[in-house]
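Dropping the structures in below, format is structure tokens.
Shared between the two complexes below is chain A, which pairs with chain B and chain C, respectively.
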Partner chain A sequence: MAIWLVLVRKEVVEALRSMKAVWLPLVFILLGAMQPITSYYMPEILKHAGNMPEGSIIQIPVPSAGEVLAQTLSQYGTLGLLIVALAFMGMISSEINSGTASFTLVKPVGRTSFFLSKWAAALLLVWLSFAAGFGASWYYTVLLIGAPDAGAVVQGFLLYGLWLSFVVTLTLLFSSLLRSPAGAAFASLGTAAVLAVASSLFPHAWQPGLLAGIAAEAVQAAANPKATAVVMITAAATALAAVLACLSMKRKALP
Partner chain B sequence: MNQTANLDFSKLVMVLAPLFFIQFILLVIALVMLVRADATRGPKWMWALIIIFINIIGPVLFFVIGRRDRR
Partner chain C sequence: MNELLCVTGLKRTFGARAAVEGIDMSIKEGRCVALLGPNGAGKTTTIRMLTGLLPPTSGTIKFRGEGMEDDFRRHIGYLPQAPVYYGWMSGRELLVHAGRLCGLSAAAAEARAAEMLERVGLSDAARRRVGGYSGGMKQRLGIAQALVHRPRLVIMDEPVSALDPIGRREVLALMRELKEETTVLFSTHVLHDAESVCDDVIIMADGRVAAAGAVEELRSRYRQPIIELRVEEDARSVAWADEMADGRRKLPHVDSAEHRDGSLRFAVDDLDAARIALMQELVREGVKAARLEAGFSTLEDLFLKVVEGRGNLARTRS
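Up next is the complex of A and B:
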């Protein structure tokens, strides 16, 4: 446990030194804050940008606060996931390739705690960034559009955070399995995309891909009866991915 | 003309100022990291152009694939 904490601190220092702990929250804030602003100014943007015939009237209702936050979540579902996967794709494989991992593991450090420390640091960073970004989105929504129901927003935040945690864990799993960082990013994004598509094709199959949609509904204060079951399944799948990553680390021959 | 959001310029500036500030910080961090990096994937001047002219995505691209050295 003590060793694990030391390793987590090393990972946090590493994230600060490589500036990952700075740019990831900043990018998430930009992504989150853009959505309410573009929704609010959309009628103006269309009026100035489009070459509409003279006198045409465009009427786009400014969406409700809950809808804007749901749109923010879908923004995180595309660009956000891509950035997260790219940020963590090399967390394990590039350390193994460069020999840093062998250097750490020469010391009396278990491979399980080696992986768990990276996992904890990655989750910490992602939750922090997502909180900052979603907070920024919430702030601008209140400023420009109106106050959403706070309980619903927090619920949607927690649900979506779990989906992000699942994808981060997948990225780390593939990072421990595959040698190439790009392969890890591709595999985890592919899995997430397949699950997301499957959630719209087969809405009755319970799997983690449903969680993003459930979070978007929760933000708009629409409770989904499947929510509890899907949360349990996603948490179990995340834990399973972490266990698999630990096993793959244990079996790995280091250079 | 029915419009819910009237384009008040000073309000727009107030709304966007924090975002421009954050984007600027991102750009500066990326440039500082670029100057201090020992090796990058591709020439440094190319990365400088990418960082400066592609907003948000440019610095992110540099952070995730531009750097080669692990300290």
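Up next is the complex of A and C:
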């Protein structure tokens, strides 16, 4: 446990020094804040776009606060996931390839704690970034559009955070399985994309891919009866991915 | 002396290729042991298994009776062949981190890091980022991080091979100091380095232990009387030398003859008798000797013999 904390501390310091702990929240804040702002100013933006015929009347209904937050989540579902996968794709494989993993693992450090420290640091960073970004989105929504139901927003936040955690864990799993960081990003994004597409094709199959949609419904205060089951399944899948990553680390030959 | 490390039947295969084919060796406490062998002999693979980086295909490693599952890594310090560190840490931070990973408290790790930096001469560079260190500095930092938790066994993989002559001398001096206080195992393909610092040698070739024992013991055990003869370049002498090397011409007390480095080298059973027989032969055949030298084979001859024609040497255990 003491050693695990030393490892987590190292990961956190590394994230700060490499500026990852700065740009990841910034990207999330940018994505989050853009959504209510563009929704609110869309008529203005279109008016200034220029190539509209003289006298055309633009009428776009301003979306409800819940809708804006749901759109923010869908932004995170594409660009957000991409950024997360890129940020953590090399967390394990780069260390193994470069030999710094060997530096750590010839010391009396368990391979499980090695993985768990990286997992904890990655989750911490992603949750903080997501909280900052979603908080920014909420703030601008309240400012420009109106106050959504706070309970619903928090619920949606937690649900979507779980989906992000699942994708982060997948990225780390593939980072421990595959030699190439790009391969890990591709594999985890691919898996997430397949699950997301599957959720719209087969809405009755219970799998983690449904969670993004359930979170978007939750912020609009629409309860989904499947929510509890999907949360359990996603949590179990996340834990399974972590266990598989630990097993793959244990069997690994290091340079 | 106590046995510190005992390896039995250690084997590792990569696909169909066996890198290490079942080796046995033991290291006694307080000794400085060189793992000697040509490139590709399996030295690094063996070391990676000893340090727990690479799971063995079969075989056991015991450290004072403890197996791998008891995690004896806390007693081992390891310097890899090409050390890589977190470039964003400073030298001091890296040593503190290494110490803490080995279970030292924050204060103890700080104190020990300062001590080690002083010892390897990196105090001035302690606050600089490791990414900017030169090769020699990285090697010295590597030694410091291997020693930070006072290990009972220090394992070094090719500690001097990549260094310039000055760095080499510094590291060898450090190793000489080190062997006074702890047990050292290091691999090298340079015999001279091995002879200059170690007590015991384990010679590996093709994934097997070809010979092992104390340097002096090996030297006397495999010591063979030899005569080296250099002849002039005239046709008669050269023809005679070729006939000797081919084995077409035989002499009493001479076991074998071969060309090496422009000389003819005779392995003999009785130095005096062979010398007389050889000189008589030279006179009889009118061979012009340029230089004749009688002596004994060196450790280098043993190394070459083991590496080139392995399998015919009996294994000795220290």
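Heads up, the rule we're going with is that the second predicted complex is superposed on the first by the 254 of 255 C-alpha atoms of A that agree within 3 Å, B and C clash if a C-alpha of one lies under 4 Å from a C-alpha of the other, contacts with A are read in each partner's own complex, and residues count from 1 in each chain.
Going forward, contacts are C-beta pairs under 8 Å (C-beta built on N, C-alpha and C of every residue); 3 or more make two chains touch, one makes a residue touch a chain.
All values reported here derive from a predicted model rather than from experimental measurement.
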item	value
First (chain B), second (chain C), both or neither touched by A:Ala218	neither
Chain A: partner with more touched residues, chain B or chain C	B
First (chain B), second (chain C), both or neither touched by A:Arg17	both
First, second, both or neither for A:Lys107, with chain B first and chain C second	second
Partner chain(s) touched by A:Tyr140 [first = chain B, second = chain C, both, neither]	first
Contacts of A:Val6 with chain B and chain C, given as first, second, both or neither	second
Touching partner for A:Ile57 - first (chain B), second (chain C), both, neither	first
First, second, both or neither for A:Tyr41, with chain B first and chain C second	first
Touched partner set for A:Ser98, first chain B, second chain C, both or neither	both
Chain B/chain C common contact set on chain A	17-18, 98, 100
Touching residues on chain A, where the partner in the complex is chain C	2-3, 6-7, 10, 14, 17-18, 98-100, 102-109, 251, 253-255
Chain C - residues contacting chain A, complex	48, 51-55, 71, 73-74, 76, 78, 80, 82-86, 88, 97-98, 100-103, 145
In the complex with chain B, residue positions of chain A that touch it	17-20, 22-23, 26-27, 29-30, 33-34, 37, 40-41, 43-44, 47, 57, 59, 61-62, 83, 86-87, 89, 94-95, 98, 100, 140, 143-144
Of chain B, residues touching chain A in the complex	1-7, 12, 15-16, 18-19, 22-23, 25-26, 29-30, 33, 56, 59-60, 63-65, 67, 70-71
